[in-house]
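Next come two complexes built around chain A: one with chain B, the other with chain C.
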Partner chain A sequence: MTQISPEGLHSVFYPERVAVIGITDTPERVGYNILRSILYGGFAGKVYPVHPRHEQVLGCKVYKSLDDLPEPVDMAVICLNQYATVEAVESCGCSGVKGVVCNAGGYSETGEDGDELEKRLIAAAEKYGLPIIGPNTLGIINNDANFYSTFYPMRIPAGKVSVVSQSGGVGLTIINLALDEGIGINKFIGVGNCSNLDFADCLDYLENDDSTAVIGVYMEGTRDAGRFVRTAGRVARKKPVVVYKAGRIEGADNYTQTHTGSSAGSFKLYRDILHQHGIFTVNSPSELVAACKALELLPLPGGNRVGILTHTAGPGVVMIDHLAQAGCIIPPLHEETIARVKGIIGADNPPVVLKNPLDAAGLGFSRPTYGGLAEAMLADDHVDLLLAVYCLHETWELPAAELLDAYKKYKKPLIVNFIGNWLGCRADRDFLQSAGIPLFTAPEKTAVAAAALVHYGTKKLEGGASYA
Partner chain B sequence: MTQISPEGLHSVFYPERVAVIGITDTPERVGYNILRSILYGGFAGKVYPVHPRHEQVLGCKVYKSLDDLPEPVDMAVICLNQYATVEAVESCGCSGVKGVVCNAGGYSETGEDGDELEKRLIAAAEKYGLPIIGPNTLGIINNDANFYSTFYPMRIPAGKVSVVSQSGGVGLTIINLALDEGIGINKFIGVGNCSNLDFADCLDYLENDDSTAVIGVYMEGTRDAGRFVRTAGRVARKKPVVVYKAGRIEGADNYTQTHTGSSAGSFKLYRDILHQHGIFTVNSPSELVAACKALELLPLPGGNRVGILTHTAGPGVVMIDHLAQAGCIIPPLHEETIARVKGIIGADNPPVVLKNPLDAAGLGFSRPTYGGLAEAMLADDHVDLLLAVYCLHETWELPAAELLDAYKKYKKPLIVNFIGNWLGCRADRDFLQSAGIPLFTAPEKTAVAAAALVHYGTKKLEGGASYA
Partner chain C sequence: MLDADIISLALASGRNLLFADEAGALLKAVGIPVAPCRIGAAEDEAVQAAKEIGFPVVLKVRSQAVVHKTDAGGVRLGLTDEGAVRFAYREIMDKARFLDRGARVTVQPMAPPGVELLVGMTIDPHFGRVVAFGLGGIFVEVLDDIAFRQVPLLAEDAIDMINSIKGSIILKGYRRAAPVDITALMEIILRVSRLAEEEPRIKEIDLNPVFAYPQGALAVDPRIII
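Up next is the complex of A and B:
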């Protein structure tokens, strides 16, 4: 397989001129929706729809063929069927197109005939050194250039998390869970069948993409697992990589064979090797989003010692359950911290146990008190990272401003876990997250977020602990 | 320990006359908020606040003592400090009160002195056979009687799920996650320190509570694990019980010691024994809510064979990963079903693989087609339960009505997994859930919901598989 040059991929993500080959005027078809997505997303470059018979679609002039275009394009999105796609790739290569996205399915995921067809597709691309995104893909998004080239028109907040997904459906799930968690997406790459562009190529590209700070990967399988883990391990020394590897059991394994034409491989072996290479792994799309959110927003902690501040003990128990498995430590508080806490809650012998987790119970409800306790714990040099739990209540106001002040003062990572429903916590979440503090409403999400931070905060070149 | 009579507990949950002992006019205090919660929740009975010095609080006349009340009360909420609470329990017993909620902390969870105090509290109650909810508890909610007796004023939708929680914070988390999932709560019992009323007593009560259809339990530890698992196993033959047992690691175990005064015990042993008794267990508050939601809304499936219909393969892979661990089978489709599917998608040799999961890809987008495919799979006698995945799109409308029609026709359990964000799926979720079909937006939640249904659908007296 030809090595794909980063320049080719850069043209795919940051094109100035794009051809959409196989446009139709039928709103139910992929081609129509790709064009609609590009227009709706606010792409600032030029878009040239191509179809031999249409005149105009969605207000855009349609060109008969690539040869008819007034100028060369950087990349093409090919929305034709699986057979015509092969010919179109050949034409793209001839016309100097630098990269293509092939949406059609019907290749190696469908059996022997499809496998043969995919080989022809790859051969056509390789003649010209063309990187193919797909086939059998939802497409790509580059929010850094408002280039939304999937057949799901959308506009989503920009962020620093980029997602590489072997599945469009899981990719869309991740994007939607990210929206629900109030974070944005930088790039989305639906690798599909990974015909001549594998996960490792995407990671290579994202490693040097300055607008990407965190990389989330959903993977079923890859043909070159060795290259993937080596690449991921190398990239993870520069920016955090979070991997959700599916296909952990036989049934799913057989099924992935007909999904993207790759075997999911031995799940455990995969995960062990990922861990050896220092990659943080998770068990679900929700965990992937929680981990990426914390890694995007916060600086990494200096160690694995987690402080927990709460006024209700149980969520701390749940968090410790999940954290301890991930190699985190819940250290005793410094004596000075305990003295300081006593001063704040105004009791020499308070009716609460002064330890970590610090459960201030009813003494911790007032905003200034809670803020003071958060400061005391962040000031403790036994604590590398603080998790702060507070329950939404009609009388006591959420201490969002106090937590932000404490965070600014000590600059140690702080994750806030407000207990409240989606609507009740929305304003505070937006307030805190816009200032760089992630907010969750479920302790298991807070825990995976903390574990991800600790993982990359403590990881050395030889690898480290993992959550999954 | 005296066995607590169901009659005493019934008075706690369905009182006609309630005393709130230790009322204050300070909005930050527990007593004030208990009264506010009862009033705000719309309790139809009589509420008598008690305090020696106050005249009126929140528009209610305050009585000097229990003896001053114009009539006997059924239950009392005691919002005094840990010492005064002991005396108040004694007074309640003398006055013929049938059960009490003790909110104060400062008992066995704080060490030796507290342990001694808790013994005195229990002794005071046992003289009169009084059930104590708590101490060290958020309180209780009985939505079936609009009786909200916690210090977190709220009104939440009514439902058939009741929750027994050893932690107020985890209990509130579960309630809020349930709100986010669009389901209601029937009863909430914050068991706190389980002084003379343990999990088993609560399960005994809920077993015969007709308004409770599903029981969710958050547990750290119990003094009589044997009685708990036997009781839970018995109750689970009548209505589903979902247990989230925390304290799986050493650190959390030590911590729970100072939370509710109980040792979390050996996590694995606990879980194994729960499984032996046929209890479905989960690993997080989110999973608990997902399982309870499906068990509340749907009938149980006749077996463990799960059909998956989708137009995007990946979410099916994620689901199978989780389902196979839980003893579910993804059976091949019946030949007749495959013929029927071919007829619906209008192709003799469609470019999709006709198997289970059925990934109709681009052929499955239209609402009538998708609905037809759902009907075909529900009609298949190899399929006991159907999971239906569909991605929210601007062009293609969500096939909610078609799925409801299919469900009504075959009456087999159906879980819908729409891929979309919280806002985008809200209306469809409300539509489907009001008709008894649970909707999730994350495949791992759909999977745990399906696993819970299969568990209780296939469970025999001797136990069964479990998810966690």
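Up next is the complex of A and C:
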């Protein structure tokens, strides 16, 4: 199998002219929705729908075939059935198309005949050196060029996180979780069956994609795990890579093979060898999004010492369980910090134990007090990263402004954990996140976010990563 | 004998599993400490080897036809004198000659017991060559406490994998036991990685057990599949 060059992929993600082959005028069909997605997404280039029997769909003139197009296209989205797709790839190659997305399923995931068909698909593409996204894929999104080529029309905020996903469903889960968390997606690549474009090729491409700062990967299995981990390890020295590997149980192949034709392999080996290559791994889509969000928004901490400020003890206990496993330390506070804290809350105030986590109890309800304590902890040179917990309340406001002031003063990574829901915290979330401070509403997400920052922050100290 | 010759010879005679002495020679050549393993082609030779190695010794059948030595009555442990060696030699060879006219015995020392560990190398269908490290003996199956790394390993990978297993507490001196020689273990892991890298005809290395001591470590029953 020939390796796909990152340059070849540029035409797929940043096309000027696109053909959508197999367009129909039925709203419940893939082709219709691909066109709708491209139009709705605000693509600035030219779109040429192709179908032999339609005249017009969604206000666009439909062309009979690729040969009828007024000009050559850079890439084509093929939404035909699995058999017709193979022929379409062949004609795309002939007409100088530089890359294709093949949505149809019915290939290696279905068994021997499908596998044979996929081999023919690959052979057709490789005759012309065409990269194939898929087959068996939701498609791609490049928010950096308003190019939304999936069959789920959407418009999402732009961001610096790019996602490579083997599953459309999990991909959409990640995209929607990212929306809930208030972050954007830069590029989405649904690799599907990885026919001639594998995870490693995507990482190679994203490594040099300036609009991508963080890469999230959802993987079930790959044909060349060795190349994947080596590539991920290399890319992670330049920008953080977060991997969620599913298909973990013995016998997972039963499920992964009928999904994307891929074998899940041994999770133990994946876990150990991803660790060997310095990759941060997570255990769910929501952890993936939490880690990517923190890595996108915050600078990396200088070390692994985590301070926790709260007015309710439990969330700190939950966080520390996660943090300790990830190699974080909860350091004792500096004497000066203790003195400063006493100055803020009064020396003889009884219900507060002065240590890390710093639990201010009822005294922490006061926003100025809370802000002062956050400053005291950020000023502590034992603390590399601060996690600030505060509960949403019907009577008083969240101390978002105070936390932002403290953050600006010390420039140390700060993650805010407001205990509430998006309905109640949304304004604060947007306020803080637009200033670069991630806000979460669940302690386990805050902890994973902190662990991800510490992972890449301490890797940097060891001379591994150095992000510009 | 050169390493490459050992493998060529075994392949030429249709063997995928190296004899213990051959595996030992290959490992020794890359600096992995292995218990000595001498071939006894005749009874007197076995006795001579035992005297040179020092009692007590272990006699094992060395034959292409015998894969499961213990089941075939081909292993005699704890032989403390010349008489015991002669008797064991005859017992083993009486059975083995029927199966294989070229059968021999190997003579090895009884290694002093240490912490039983496992160092191995295998080809994973997904990752290619990987090195395994964990507690050896019966613990392998019971605890499933094994760390894996992809070849080639760096020194930090080897240390990291030693520290990552739950059993590492035992290595650092549990209760009154002295801590074992971590550097020696690291060296073995790295040399297994190097051997795997340099000799692609090796498909599997199984050092189980490796006895770890306060000073040094010793691979006792090496198996190499080519």
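Note that in this section the second predicted complex is superposed on the first by the 454 of 468 C-alpha atoms of A that agree within 3 Å, B and C clash if a C-alpha of one lies under 4 Å from a C-alpha of the other, contacts with A are read in each partner's own complex, and residues count from 1 in each chain.
As a convention for this text, a contact is a pair of C-beta atoms (placed from the backbone, for glycine too) under 8 Å apart; a residue touches a chain by one contact, two chains touch by 3 or more.
Quantities reported herein were computed from a predicted structural model and do not represent experimental measurements.
When the shared chain is aligned, chain B comes close enough to touch A:Pro27, but chain C does not.
In the superposition on chain A, contact of A:Gly171 is made with chain B only, not with chain C.
Looking at the shared chain after the overlay, A:Glu394 reaches chain B, while chain C stays out of its contact range.
Once the two complexes are laid over each other on the shared chain, residue contacts for A:Val317 go to chain B alone; chain C is not touched. Once the two complexes are overlaid on the shared chain, A:Ala123 sits clear of chain B and of chain C alike. Once the two complexes are overlaid on the shared chain, A:Gln325 sits against chain B while remaining clear of chain C. One of chain B and chain C touches more residues of chain A, and that partner is B. Of the residues of chain A, not a single one touches chain B in one of the two structures and chain C in the other. Of all the residues in chain A, the ones that touch chain C in their complex are 221-222, 225-226, 229, 263, 265-266, 268-269, 272-273, 275-277.
Here chain C touches chain A in the complex through residues 124-128, 130, 146-150, 153, 157, 160-161, 164, going by the rule given at the top. Taken in their complex, chain B has these residues touching chain A: 27-28, 30, 32-33, 36, 82, 105-106, 109-111, 138, 152-153, 165-173, 176-177, 179-180, 218, 220, 246-252, 255-256, 258-260, 264, 283-286, 310-318, 320-325, 330, 351-353, 355, 357, 359, 361-362, 365-366, 389, 391-396, 419-422, 424, 441-445.
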